[in-house]
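Just so it is clear, A, B, C, D and E label the chains in written order, and each chain counts residues from 1 on its own.
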Amino acid sequence: MTTLTLDGINKFYGSLHILKDINLAIGQGEFISLLGPSGCGKTTTLRCIAGFEGVGSGRILFGARDMTGVMPEHRDLGMVFQSYALFPHMTVAENLSFGLEVRKIPAPERAARIAQVLEMVKLADYGKRFPRELSGGQQQRVALARALVIEPQVLLLDEPLANLDAALRDDMRFFIRDLQQRVGITTIYVTHDQSEAMVMSDRIVVMNKGVIEQCGAPREIYERPASLMVADFIGQSNTIPGRIREGRGADYLIETADGALSATGVAGLSGDVRVMIRPEHIVTAAGENTLTGRVRKSIYQGEDCLLHVVLGSGANVTTTVSSDNPLSEGDAVTLGFPARKSWVLAA
Amino acid sequence: MTTLTLDGINKFYGSLHILKDINLAIGQGEFISLLGPSGCGKTTTLRCIAGFEGVGSGRILFGARDMTGVMPEHRDLGMVFQSYALFPHMTVAENLSFGLEVRKIPAPERAARIAQVLEMVKLADYGKRFPRELSGGQQQRVALARALVIEPQVLLLDEPLANLDAALRDDMRFFIRDLQQRVGITTIYVTHDQSEAMVMSDRIVVMNKGVIEQCGAPREIYERPASLMVADFIGQSNTIPGRIREGRGADYLIETADGALSATGVAGLSGDVRVMIRPEHIVTAAGENTLTGRVRKSIYQGEDCLLHVVLGSGANVTTTVSSDNPLSEGDAVTLGFPARKSWVLAA
Amino acid sequence: MTVTPDAPRLHRRAPVWWMILPALVLLVGFLILPYISIVVMSFREASTKAVYGDGFTLAHYTDVIADPFIWGIVWRTVRTALIVTVVTLLLGYPVAYHLARTRSRVASLLYICVISPLLVGLVVRTFAWMIILSNNGIANSWMKALHLIDRPIQLLNTPLGVTIALIHVFLPFVILPLLGNLQAINPEIALAGRSLGASRMRTFFKVTLPLSMPGIQAGSILVFVLSISAYVTPAMLGGSQGRTMAVLVVQYLVDNFRWPAGAALAIFMAVITLAILVVYLRLTARAMRRLP
Amino acid sequence: QAPFVIPTYGGTWAKFWEEVLLPGFTKATGIQGQLDVGLGKDFVSKIRAGGAASPYSVFMGNENIAAMLRAEGFFEPLDLTKVPNAAKLHEGLMNPENNGLRGIVSPIGLAYRTDMIQTPPKSWTDLWTNPEFKGRIGLYQIGNTGALLFLRLAGKLFGSGDMDIDTAFTKIAELAPFTQASWSGEVATALMRGDVAIAPVDWTEIMTLQDKGAPVEIVVPTEGVLAYEQSFNIVKTGAAKDQAHAYINYLIDADVQSNMAKTFYTSPVNTASTVDAALAKRIPITGDAMSKIIRFDWDKYVEIAADVADRWNREIG
Amino acid sequence: MTGSKTIWDYVFLALVTLIYIFLMAPILLVVVLSFSGGEFLAFPPEGFSLRWFGELFSNARFLSATLHSLQLAAVSAVVNGVIGTLAAIYVVRYAPARLTNPLRLLMSAPLLVPEILTAIALLFFFFELGIGNNYSIAIQTGHIIVTFPYVFLNVCSALFNFDRSQEEAARSLGAGGRMTFRRVTLPAIKPGVITGCLFAFVISFDIFNISLLLKPVGMNTLPLELFDYLRFNFDPTAAAVATLSILVTFVAVLIVDLTVGLRSLRF
């Protein structure tokens, strides 16, 4: 069932066209992540859904009901603002209590729910503090708790974990996902962290300059990006320019400056293309496709090492290798990757 | 040469003891990352260094000069605030210009430097906008640019990239590191992103509850954490409780509920310990140490899959495997890891 | 290790006492000092042979305090000031709110609407009110024309007339401080309230209103104190029914040349005003403490 | 050398002083004057605060106000050798022992709206007896000298004399409800608006209204008129005594007084002043008719002034 | 803020419109009356004429009184703009906690004591100093004192709303206390300072009792001149004076709006 539909939304700030014909249908209880470069219009999209901004044209539907003109307070949503927007004159507990009071939850239940959520965001002892007496990450968790404690129909989360460390992020992610699934909350999640989006989302929407570039399941976005922009934006990617020599359905043979490569892609491509391959699918050994080059830089990353390689043609390729690899700058190296892991994109 | 010394800093908010005897010596041009859980005192430490907060006791030295009582404006530092603290009544360009005007840089050079830095943070066309007309990430980049454009002696960066997407973060990281090394700026970098800290830092300082837990090179922190807290906080870690049966220098044999394990650690440990091993060092095959268990969960992560395994003893172990692994929930699995990749920690 | 809670050093260290110095010189040198002789004078005996007598007496104060007639005027003055304060707040807040949020192109014109009454001298404005409020004035003739009344209601020379005119005179004094205050509040905070399901009303009362306390406080103190001490308007529009303490004080001092008694009366009124103000500050202190 | 300060009132008064009186004074005496506009009571405060150095050498104000300052010892008697014109003053305008003289006289009659009143008043007592006036009377408020004059008139008419304050208050209370005005202009406006149909008003004011075509008339009641009498006094603590005498002398000059009569419809105080026939019709209180002015002794009133004001506040409002 | 309008928006708008009308009505009335052809300051006006403006321009006293009032008001606004702002910053930011309330009360004292008594006190005081009201010193001091609290209170309230981290940012960029104040703090509290100065100006322009007693010999202020005038001549010249001042204001505001943009002033 579709709960939230954006139907041809356009939004202007003065003469700036910020959102360009946004169409999106989100199912009941679905968890959607909104990804895209800084300034692409993610926050603006959330604000339109929340009803804080009028839209230039288009409609916003909750279920079958046209919500375009409905007041934000009648949309039953919870929102985490990128700037937190905590109530500065209320304690943490009072911030959380606000939405519950609106919903006429009786005091004892209110107290219980607040305590429970504060526990979840690891701020159990902070109920009596004012926001100004909290660290940045603590404030962000209060903002999150405030939106979650009301268990709304629709959750709009704008970078809710941006200021948290990995361990806390993990906990919070789990908490959000758990609540979201338990209560069946339709969630739109804006994040700059792709791995977060990958792990949490039912679907990912990639935006760019006010336009939706691609919308699909995480695996689809990652493995079969619709455009170069998406490929570049989601995860690390290497792209090698070339020209299609032969194509049979989804399988292509492509002529590049570093030799012919076999690769897969959507059917029907021709002419100039780019072959995309993720660093983690490249091994330092010959394979179905083989490239040769020299190590330009090797960067220690904890878990592994990031290797920058210059191919014969001058193209750059990166790959990760085990941290205790013996390769160092200037070393010659052979790289291999399988055709089914590559992806052909129109150039 | 040491440029920045924190000498026994204590800081209180009312009766709350926020920083507890912080000692740290930072070399000229060194890049130090401050890591730690939300609320551990990172921002407070920066604020003490900047001179915004008086310290309860202790001294802050720049070189040999006691700076404890010196006004912030005489410390020649650049700071990115976690909350940005942009000047709302100034355009982006004016925000950047402010610090240059203070330094009496002539107008033409000022304009050139502003243009150059705006270019670097990818806001070349945004000079005339006011902060309120920018997206969250754009504002954060202005905050960064404002601190960098003055090329100060000391840079204090408080989560400067928290609201940026991966691609932009990469670019910004490069830009910061490049400028920092070119100009030789002593930098303290607060981040919640460990991989960022790993890649960029000369040394990492891990804080916890107002105390410095460990200070060392990234590799040292990652591979030889000084405490369980550090091991848990930096990267993924698995720890298996046990008791030392035998120890020869750095090599130990440890009795655990899942069998005996050989491992390395600092010399001189005894009694109850925990054996730490990073997920990426565990393979799904027998090895120097071998464990058996069942797959509890397998999570797609894009690049790879995260595998949660329950050992016979009930202990949980995670590891990453290639995304196209055939393991699924309930499958029996054998895990192996080498002794030299493990690390023994006092329990 | 001995540690004491430390104030932000940045602010403790700065040698800032000079900032208050000019104001202290002004107020102590040219207000407190001159007032000392006035206070002394208020204890002097009355005389018709000199400006005041040689002896000292408490009589001027005891006379005032024991006089129900004076208390009646005090009550009327305070009541008028309270009404004016409350009504200007009620009328001024919507205007300030509207001005703070409007994106209207005529906003500048609206600013002019708010500011221009201030720039037309008080005397002239009060004359305008006379013309409006008199028995055969504009208000009465229009109300008659609209059949709201069939006989003129007395507005001039009543407390009501004074109240109406004072409200007009002081409205800008709440609008402008509030405007500055409302503009400084991050609009996202109110949106957060809405997103949590609170109606605009509720968001207003629970979020915007508490956050605008500094503006409310500044505006209401100004208006209250100004209303208490307003002279021209009650003198011109109030008649005897609308006479306030300020008018009575001027009558003592300027019409009847009773300087010691007039000074005592004035000081008495100042003490009452101060007491009310202290109570008000106490009452609002709680709300203010919550603000950053 | 500070210029000689000449106090006077505002509006048309200031205009007359500026354009006519001052140039004439300078021409006649060679003395440069500096005009200072205000009201008699404002001059009082400054003379009092001035202590031993009053900013004014000459005081101008209603006689009842002058009496107060006189009681406080701020004035000194006129040196009549320096005020030759004083000899030509009408009867009763020179205070006893030359303690100031009343240099400008504005009669107060009973004024009414010709279009609102059927039977014009003849006597002050008509205010009490004619039912037509009930509720449409205007009176000055106690801050204005006009109220004091009326109060003492009531005492004189109905009681044992002009100091019979008790009777006066009782009788004035009988007139209620009435409109109170703080100054002449205000009664005039109330008359014009029709809020008031009859009132004791300053002659000047009514003549001015008639000039503007207003339907108002003013009568000399059978008992006589009241009058604002502007008292001129030498301030003991002032510096320029000679100039002060010269000024007072010039002010009561026959021509100057005639000029004032033309401008303000005041009654010339100088017996030698001439008023042409047309004007004389409009200001009946000239020449011998000056005796129709009901005049009071203000020096003995000083003692009860504060109490009277207080009592007015309480009993009349 | 939100895109859609409800009935309440219109109710609110109607209410606000009514209040704007209430604010403007007496002012417009004055303007209308100043063009009256009649002799009296009364409504409705009788015909149209410019004679009262002619009357006004032929009256040099109004002109000099206006100039004197403008000068008093301008000096009061500027002097208090400086010392009132400094005092407010000290009291809100730096004063020891136990001193803040006493200081606040002291700084508000001129509001609490009746103006007429202050006038008499100052009159005495200046005569004791031997200055008397020979010069504008007495009246100007009186105006400054009486208008001081307006600046002080407005700046205090503006400081409450100000986010301190902006100051820290300026400091971190190397700006000293003074530069931080000039470039960051002042712009942020500007609405309060402007409002305070505007109030100081306007109040000074309207002050009655202080001027009455402290004005220098031979000079007058506009309210006194108007009052004295109206006392004896109740005609529309006074309305003409007001209309002229409205016109001047209007033009000034319009010029500011066209050049700087009124909203950027952030009252």
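Quick note on the criterion: a contact is a pair of C-beta atoms (placed from the backbone, for glycine too) under 8 Å apart; a residue touches a chain by one contact, two chains touch by 3 or more.
Just so we're on the same page, UniProt names per chain: A, B = Spermidine/putrescine transport system, ATP-binding protein; C, E = Spermidine/putrescine transport system, permease protein.
Small disclaimer: the values here were computed from a predicted structure and weren't measured.
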- Message: Farthest chain from chain A, going by mean C-alpha coordinates, please.
- Response: D
- The pair of chains with the most residue-pair contacts is C-E
- Which chain lies the greatest distance away from chain B when centres are computed from Cα atoms alone? D
- Between chain A and chain E, what is the separation of their C-alpha centroids in Å? 55
- Note on the structure: Between chain A and chain D, the Cα-mean centres are separated in Å by 91
- Message: Rounded to a whole Å, what is the gap between the Cα centroids of chain D and chain E?
- Response: 37
- Multi-chain contact sites of chain A, meaning residues that touch two or more partners: 51-52, 71-72, 83
- Message: Show the residues in chain C shared as contacts by 2 or more other chains, in ascending order.
- Response: 10, 14, 137, 191, 194, 200, 253-254, 259, 291
- Item | Sites on chain E at which at least two other chains make contact | 1-2, 41-42, 120, 124, 128, 168, 171, 177, 227, 230
- Query: Given the complex with chain D, which residues does chain C contribute to the contact?
  - Reply: 46-51, 69, 130, 134-137, 156-157, 235-236, 239-241, 243, 248, 251, 253-259, 261
- Item | Contact footprint of chain E on chain B as seen in their complex | 50-52, 71-73, 76-79, 81, 83, 85-89, 98-99, 102-103, 146-147, 150, 152, 156
- Item | Complex contacts: residues of chain A adjacent to chain B | 13, 35-39, 42-44, 82-83, 133-138, 141, 158-159, 162-169, 192-195, 198-199, 218-219, 222, 232-235, 278, 280, 299-304
- Item | chain D residues within the chain E interface of the complex | 2-3, 5, 9-15, 18, 34-39, 42, 45-46, 49-51, 53, 55, 183-186, 188-189, 192-193, 208, 212-214
- Query: Okay, in this complex, where on chain D does chain C touch?
  - Reply: 41-42, 44-45, 48, 68, 71-73, 141-143, 179-180, 182, 189-190, 193-195, 302-303, 305-306, 309, 313-314, 316-317
